[in-house]
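Let me begin by handing over the structure; questions about it come next.
Labels for the chains are A, B, C and D, by order of writing; each one numbers its residues from 1.
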Amino acid sequence: MNQASLKPWQQKLHEIIYEADTPAGKWFDIVLLLFIVASVLFVMLESVKGLPEPWYDFFNTAEWVITLLFTLEYVLRLVAIKKPKHYIFSFYGLVDLVAIFPLYLTLVISGTGALATLRALRLLRVFRILKITRYIKEGHRLKEALRLSKPKILVFLFAVLIISMIAGTLMYLIEGDESGFTSIPRGIYWCIVTLTTVGFGDITPVTPLGQFIASIIMIMGYGIIAVPTGIVGVAYAKTAIEEPSMNTQACPNCSADGHKDSAVYCWQCGDRLHTESSESMSP
Amino acid sequence: MNQASLKPWQQKLHEIIYEADTPAGKWFDIVLLLFIVASVLFVMLESVKGLPEPWYDFFNTAEWVITLLFTLEYVLRLVAIKKPKHYIFSFYGLVDLVAIFPLYLTLVISGTGALATLRALRLLRVFRILKITRYIKEGHRLKEALRLSKPKILVFLFAVLIISMIAGTLMYLIEGDESGFTSIPRGIYWCIVTLTTVGFGDITPVTPLGQFIASIIMIMGYGIIAVPTGIVGVAYAKTAIEEPSMNTQACPNCSADGHKDSAVYCWQCGDRLHTESSESMSP
Amino acid sequence: MNQASLKPWQQKLHEIIYEADTPAGKWFDIVLLLFIVASVLFVMLESVKGLPEPWYDFFNTAEWVITLLFTLEYVLRLVAIKKPKHYIFSFYGLVDLVAIFPLYLTLVISGTGALATLRALRLLRVFRILKITRYIKEGHRLKEALRLSKPKILVFLFAVLIISMIAGTLMYLIEGDESGFTSIPRGIYWCIVTLTTVGFGDITPVTPLGQFIASIIMIMGYGIIAVPTGIVGVAYAKTAIEEPSMNTQACPNCSADGHKDSAVYCWQCGDRLHTESSESMSP
Amino acid sequence: MNQASLKPWQQKLHEIIYEADTPAGKWFDIVLLLFIVASVLFVMLESVKGLPEPWYDFFNTAEWVITLLFTLEYVLRLVAIKKPKHYIFSFYGLVDLVAIFPLYLTLVISGTGALATLRALRLLRVFRILKITRYIKEGHRLKEALRLSKPKILVFLFAVLIISMIAGTLMYLIEGDESGFTSIPRGIYWCIVTLTTVGFGDITPVTPLGQFIASIIMIMGYGIIAVPTGIVGVAYAKTAIEEPSMNTQACPNCSADGHKDSAVYCWQCGDRLHTESSESMSP
């Protein structure tokens, strides 16, 4: 029905760009992934000082080429979907836009400080790598276990925060400026560093009383790390039972994914999906 | 019966201040929470040096306003309860008093050192945030799991302490003053820092023998972190079975909370609770 | 029968010193524990430099008093048992001897270095605190869980050691002397510090390749910490089923403890235990 | 049948060198293990600077003796197997070759830098210690649990990596060069150090915003450490059910091990195994 509004070439394009059930769709995903990884690598290396000069020239050129390709992909994505607005304002749509945007802006603006910050935005492309997690069933189970444990973990983190605030203030009063506890927020920062067993060592207690309280905080942190473990462990064991089978189809209308194998209509907008049965029905 | 000693307006006030079942009670809790968070934030920021001067003036004024409001709340709490002594000497009653007390004291006493310490007491208000955990069922389960594991965790911490004392003394004898192991308590402090995998790095072994023993301590700490995890995990799995349903009512006589939904009398003092059925019976 | 070789007053003494079923036995244990804690505290504080002079005099006097009391206790223990050799060469017998020995030796030897080391031996008394764990049932379960997991944990620690040796050597080759990786053993030490997530920061990689490998080691250590947790968790769940009931009786012949409530003969030497039924049979 | 191609003395040698079911085979394994441990120890100590000169001479001589013995063992291993190529290109075959190779090379090449690196290759012998894990049943269960959890742990580590990339870039932009965040890769390195709760302290945030984000990263790392624990715990509980019984036999043809007790033919190449029943059939 309203499927008709997509021309056959658009349907084909949608299949390639948004889905991964056909060989062409899979290849598109793989090539795209390689470009993203290369792009992310270049952005990262560009920030390293002291490399030979020609490298930076290469990074610059490569970035322009990749950004042009991503711009092309962005335009194709807009063309191959019925309601482009749905894509533009989706999370990945915004990431795609923000990732190609900065390089064009550098043509207009000049000034090294703001420039560096803007160019780093290209690293947001790394989020698109997350999209391939749809290939990995395990990722689904992990996400599910974390989703189930969220309220419990939030309560736990809340408790950690309260402890940090009390203990951080106490340490600020005991230790004072000489040991680096120059303010209550710094005391709280130190307490989080200690309670999570990270222990940078940039701020450390020097008075005997401070070290005594630090010992209590450390042992407390060492003991309560067991709490999230118990929580996630139970949640993870639960997810082991129900494992839904998902496919990689995306709705041609609103580009939502996560459809069941047997789904014929999109769970979000109700539009007909691009299943084989629907293909046989399309003109 | 003895419910009669609370006048209707006191009953109403009790419902608003101590309970959260009515819309007014909920609003009171939310507003109070916001004021506490703001107050805690101001106390923390006040300790930061180097902010523009007007900020400190603002913090000062804001603290006076908030403290006056908290004083008003404290008086209302005393008025709306039958046995004010029960509230005054309860944990939250003491916290409330200690939190408003210091600012008034600064009017009498002068001297920056003691002043700073006293003002920091206002941060104790953070404990009152804990009261909102009564809204969160998960908090109850967590507390229950920790309560069940307490004897086991104490045994475990006791073992950690004995290990730290033996190993700390050993390191003090091996390493000596140059590495920072200037006394046995410091050696024990270092050992706790290491065993809990915090690892500040303010004191580190430099002799080969010291580093060898440090390696053993670290591997030991890495291995026995599994013990509390196993303990809490089992306890947490147990609490998953029985989940009691609680409400937010507080006894109008002794302000104990944690009553069952169907409770008519307080579990602590036996006084009639403020349930709907009791309301219909009150004059 | 051979019970007859202990005179009644010896039996009484044995009951008080070695057992904790009678009020007198319990009081003896508690007083002893307090003296041990005080003694350990004094030894620890004595090592702290910079305290007022009279304190050290007090520590010295207190240590002499406590050591004389412990000597008296040691002699009484020898008197109240049928086969003193069994006690002398038991673990706690040796600890008791080593703990009172050093102070007497300081009368003979002089020389501050060796003296300090010797006096620190008195801290071994801390081991005797472990004896009170017989009051705590949980300690038994923990020990049982650890005993069950021992072979698995040893395999795990062995794997950790092999990884540390390979990675430590690698880091030594990559980083070299400037970063503090001055030898392979130091590299291994660093690797254990990193793998166990302690992270002192006394030695840190500075080359990009070294930091890359360090990242892999850290993520590996973060991931495999789950292994001992899984092991102990399973073992701990197992011990939850069978919980033996123990009493605090010690054999009057060989001083072995851990007898069942219903035991009449010692499980180690077969001698008659000091149970009520055996008392009614003694002359 | 094709078993006939191994002469009786070769069969005997194969039994001693490759297997551990006979007393001679067990002794060979133990002696070899001691030599490996000694060799690894010497290589490690050789890298320590500042030892007395004669020690280095001793290490040098010992290394030559051990290397000659390992060369002999290598030749015997080639002789005692039907298809030497299978051994040469197996993992342990390559380790054995690489471990004896470098010392001979030092006769040809001179130059301290490359020399040190080459000699360190001898430490690869440590891998051969892993071979003794075939004696330990627990090692099998651990490996199985890790194998089962691999896909899930990879997904988890992938998530950790993505978080590190985003947070590392963010910290690079916020903190800048002064705090040590000189490039995005360094920011990512710092983020991994923090997220895994290692916390070296070589790079630490100094701006309030940086410390705030660092706090979030630390709490996140503290919370998600529960995920691999839950994964491995579940996998480990699964392996507790099926425990296969293995023997130490190795195929005389391709030297594969891990055969069942009742196996008559190699599971890899189908060649007849060296079981008692096959021995009675051999001439």
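We adopt the following convention: contacts are C-beta pairs under 8 Å (C-beta built on N, C-alpha and C of every residue); 3 or more make two chains touch, one makes a residue touch a chain.
On a predicted model such as this, the values are computed, not experimentally measured, just so you know.
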Type of chain A:chain B copy interface by residue overlap (half), same or different: different
A-C or A-D - the one linked by more C-beta pairs in contact: A-D
Counterpart interface for C-D, drawn from B-D, A-C or B-C and sharing over half of its contact pairs: B-C
Superposition rotation for chain B onto chain C, Cα-based, multiple of 5°: 90
Distance between chain centroids, defined by C-alpha means - chain B, chain C (Å): 34
Where chain A and chain D are represented by their mean Cα positions, the distance between them in whole Å: 34
Averaged-CA centre spacing for the pair chain C and chain A, given as whole angstrom: 48
Where chain D touches two or more other chains, by residue: 156, 185, 188, 197-201, 221, 225, 229-231, 233
Residues of chain D touching chain A in the complex: 151-152, 155-156, 158-159, 162, 165-166, 169, 172-173, 182-185, 188, 194, 197-201, 204, 208, 211-212, 214-215, 218-219, 221-223, 225-227, 229-231, 233-234
In the complex, chain C residues that touch chain A: 197-201, 208, 229, 233
Contacting residues of chain B [partner chain A, same complex]: 40, 43-45, 47-49, 116-117, 120, 123-124, 126-127, 129-130, 133, 136, 138-139, 141-142, 145-146, 153, 156-157, 160-161, 185-186, 188-189, 192-193, 195-202, 221, 225, 228-233, 235-237, 240
